[in-house]
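Paired with chain B in one complex and with chain C in the other, chain A is shared by the two complexes that follow.
Here is the complex of A and B:
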């Protein structure tokens, strides 16, 4: 019995290790090759170097792309968080019927394939005769990110005692004051968390960007374009940096949302 | 005199006073569910009024309408003679204390209490003085910088009271404010609430489903049933002179004798029951009316152990069914003629307690003063006073 048990435990551990390896190995390869002193991704590694990172920092094209990405992601974060949070508050206060109708509707952009969202946005911008630019990219990314914000903020809102808001109203607060004084402070973890999610979503969005951008490129689309000449070690370096930034932001978002408790100073 | 439609007077003695809150034919429904059905009430200034009833009877909805958190579908609510329908909360002379306290968890005790004053644009220096004085009054001065989550249930309750009272309302609306506290603390807070209400001379409208709380605290109890007022009056009146069986059973235990009125004379009626003729106190009834004669356990008297002697007036012979020792007293259930059940409580130190043995026959007296008549069916009797 104990022996069988031990074999079972071992098998499970081995299987788990395999799955984790399968998930993470490609990422390790990218990181490893970004330090490889060779023009081609090949084992065994020739030696360690940071030159690919320097090359990235010297590349006008990549730096511009990084700047564009950061700009778009920041703008998307602000817009999506504002709209999403207000929408979540509004939804929570509307009747059951409105909610039943609106909630699936508002999460549609999240469920729809990005390809379709991209084509739809392109069509709309054409109809409106809008010049494609970073602005249209921001609009596109906001459309994609808002549902996530609504989802996260709503999850926190349903856990709030509605009587806290009523108490504020009873003490003389206007609707706006209730939002500023009561709701936003109590929703802060969810709002900040969803802001980071929106930033991350935008930062590595490819498909919607591809359809909605004009002449400017973001980091992901630039990398995509560079891939036509094969995977260069430079790309590995950029990818490694992007990965680190994204992981840090995602972990931050998670920690923020999890810290459900009341914030104190 | 502002008794609304002359129907309900919360208290006999209040009729001559000015009513502070007048509720006039108010209706409120949520979807198909009617929460409040044509309720009219007049509540006097400075009184401790309790809205009593089981969950779902509409008491909280009525309270929330007085406080402006819900709007009546029809009818009107006037406070101090002013219709308040169009008043924003800041202009209402009412303030609410919520069941779960609803303190602002991200603000200190001090800031919680200051919030209502800040909304009134009072200068900071003045707010500081008032908040400090209010916290002093509820005995929480040293907790001013604490957060609600660091306080006990009783302390949170006091913060909720302070937060409402500091804005000097004329009416304090309390929605089951003690429901979350344990028994000992609840009893202490009841006493505190009562003395607070007396010293502050504020009208309290208090919602509860606990009849002991209602009877013990109130000047006036409004018993509610399915969105209507079943009866309103002083606690003793509600307890001893219930208008119907619903009220009688909600505020305590009763034993019931079914009977028919034979004749009446100034406040008394003689009724014929399967256990013989009884004289009872009664509201106006007509001979021939079908009635329930009810009696509280403490009204029943043990006339003679044995019960084999001649029975006098208002007595009946019964056998002890069960006797439950409860410490201070004994709860005894008797079975009388025609399967009549009579419940009584006897002090466990009383001499007759020794005779209470299951199977023992005993003569019980149901004094006319303790025997009260209520209509046997709704709408069958002129004494029915509920709307």
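Here is the complex of A and C:
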């Protein structure tokens, strides 16, 4: 190690630390203000309080929104995980030409701004005179989530030993049996991980929801509407709670996706 | 082994059908509607180019230009800020690597709405940054242009999409063949020469993917500019949303959205071209 090398490493480490602070500090500000005993979120902070959390628990509007969010996220999770997992298996086992065409095609929703996904659906529902509701929200969220599921499950499929399937087929298993008895158990960590990703993706989504919902609101669209009238401290409490919920799910998803790597034969 | 062709079709069907019905079809409908017109808040099927002609008005041209300028600045900043981080994680950090990566990915799991909102608390006149600057005596009065400005929008967008740049670059640098770097050093190249001639060119695929993943959502962003930009920093996303929300101009809104998509597509194809690395494999 030369001296120059060590100075370089130190500079890079310091820079990385700064970037991590930049990424995390704003989120801590929200958490801090959620306990701040003041109607207006301004520094310096006043005393500690839990009243904004109580406000949230007493608010009919916010609790309904929370219920709607959970409902939509759950439905999106089931649909997106099913479609995405099947598609990932189908893609991995189809010919090179099908793959070359289908893979980029099925990932385009990921490469499209959420706003465009939302208004394109709104436009179509409008042309068909369809009633907007939580169902149409679920439709939109599933479009957004499926490519992520395909991505995660594909990553796991690539690492699987093809001989396991060959052995099963040689021993007389039908194609359906191979998928149900061999592939799905092997893919379980990735499938569960991607399910959690789909859930959080839906739970956090605001733009697609905003344009595809009827009269019902989810938690993000309620926060969005509240922010239009200015910052109220309840928003900090609600944001903190959703952050905690999604981060717990995220760590679970990561642990799950990683856990499948080593053992399991 | 291949599972036979006829069994592929059924399991690919649900995703493909959903994609066709609720993504491809709506986009196609938007293309059609962008040539229609709106009378008395109702869409009238016809063929007109007026929606696209309207785009040529200076007002809309300036909004489109601002949108792509902001997205470009955000992408460049994310690249400059994120590359050293990805390099450090992939090449220098061993033990804490997973931990630091988790910290970088963690904000991705919180909603972009919450992250935009966080910057309102940080950048406002009584926000964290002004409080800090006044505390250490850099300024006596709160700085007003922090919030409701292009500055605020750019800072928030960099914050929201930076991990999307770091991850693909990290993935490429992590797989970099160390023998190439050693060979370069053995042949007498200094660390900078090695970096400029070996490491940087080989990280091009990661850089181009990263830029793509930042540029696309930044150009199409709606929530951040609405919350942090104030009335003077209008980006195309807000104008599109207005056409569909407030003024029922679905035809013009569709034309705007397609213009955004075309712009993004051109930039994306350019970036993908840059990302192709010839030779050296």
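Some points to look at:
Note that the second predicted complex is superposed on the first by the 241 of 265 C-alpha atoms of A that agree within 3 Å, B and C clash if a C-alpha of one lies under 4 Å from a C-alpha of the other, contacts with A are read in each partner's own complex, and residues count from 1 in each chain.
Here, a residue touches a chain if its C-beta (ideal position, glycine included) is under 8 Å from a C-beta of that chain, and two chains touch if they have at least 3 such contacts.
None of the values given here were measured: they were computed from a predicted structure.
In this superposed model built on chain A, chain B and chain C occupy separate space and fit side by side.
In the superposition on chain A, contact of A:134 is made with neither chain B nor chain C.
Touch criterion not met for A:77: it reaches neither chain B nor chain C.
Of the two partner chains placed around the shared chain by superposition, chain C is the only one that A:4 touches, whereas chain B remains out of contact. In the overlay built on the shared chain, the residue A:62 is in contact with neither chain B nor chain C. Contacts of A:195 after superposition: neither chain B nor chain C is touched.
Touching more residues of chain A than its counterpart among chain B and chain C is C.
Judged by the touch definition given at the top, the superposed model places A:146 against chain C, while chain B stays out of reach.
Look at A:208: by the touch rule set out above, it reaches neither chain B nor chain C. Shared-chain residue A:90: touches chain C; no touch with chain B. Looking at the shared chain after the overlay, A:161 reaches chain B, while chain C stays out of its contact range. For the overlaid pair of complexes, the smallest distance between C-alpha atoms of chain B and those of chain C rounds to 7 Å.
Overlap of the chain B and chain C interfaces on chain A comprises residues 166, 169.
Taken together, the chain A residues at the contact with chain C in this complex read 4-5, 8-9, 12-13, 15-16, 19-20, 22-27, 29-30, 33, 40-44, 79, 82-84, 86-87, 89-91, 93-95, 98, 102, 105-106, 108-109, 111-117, 119-124, 126-127, 139-140, 142-143, 146, 150, 162, 165-166, 169, 175-176, 178-179, 200, 203-207, 211, 220, 223-224, 227, 231, 235-236, 239, 242-243, 246-247, 249-251, 254.
Across the complex, chain A is touched by residues 1-5, 7-8, 11-12, 14-16, 18-19, 22-23, 25-27, 29-30, 33, 43, 81-82, 84-85, 87-89, 92-93, 100, 102-107, 109-115, 117-122, 124, 126-128, 130-131, 159, 162-163, 191, 212, 216-217, 219-223, 227, 237, 240-241, 244-245, 250, 253-254, 257, 260-261, 264, 268 of chain C. Listed in rising order, the residues of chain A touching chain B in the complex are 161, 163-164, 166-173, 177, 181-182, 185-186, 262-264. Residue ranges on chain B touching chain A, taken from their complex, read 67-69, 88-90, 95-96, 98-100, 102-106, 115-116, 119-120, 147, 149, 163-164, 167.
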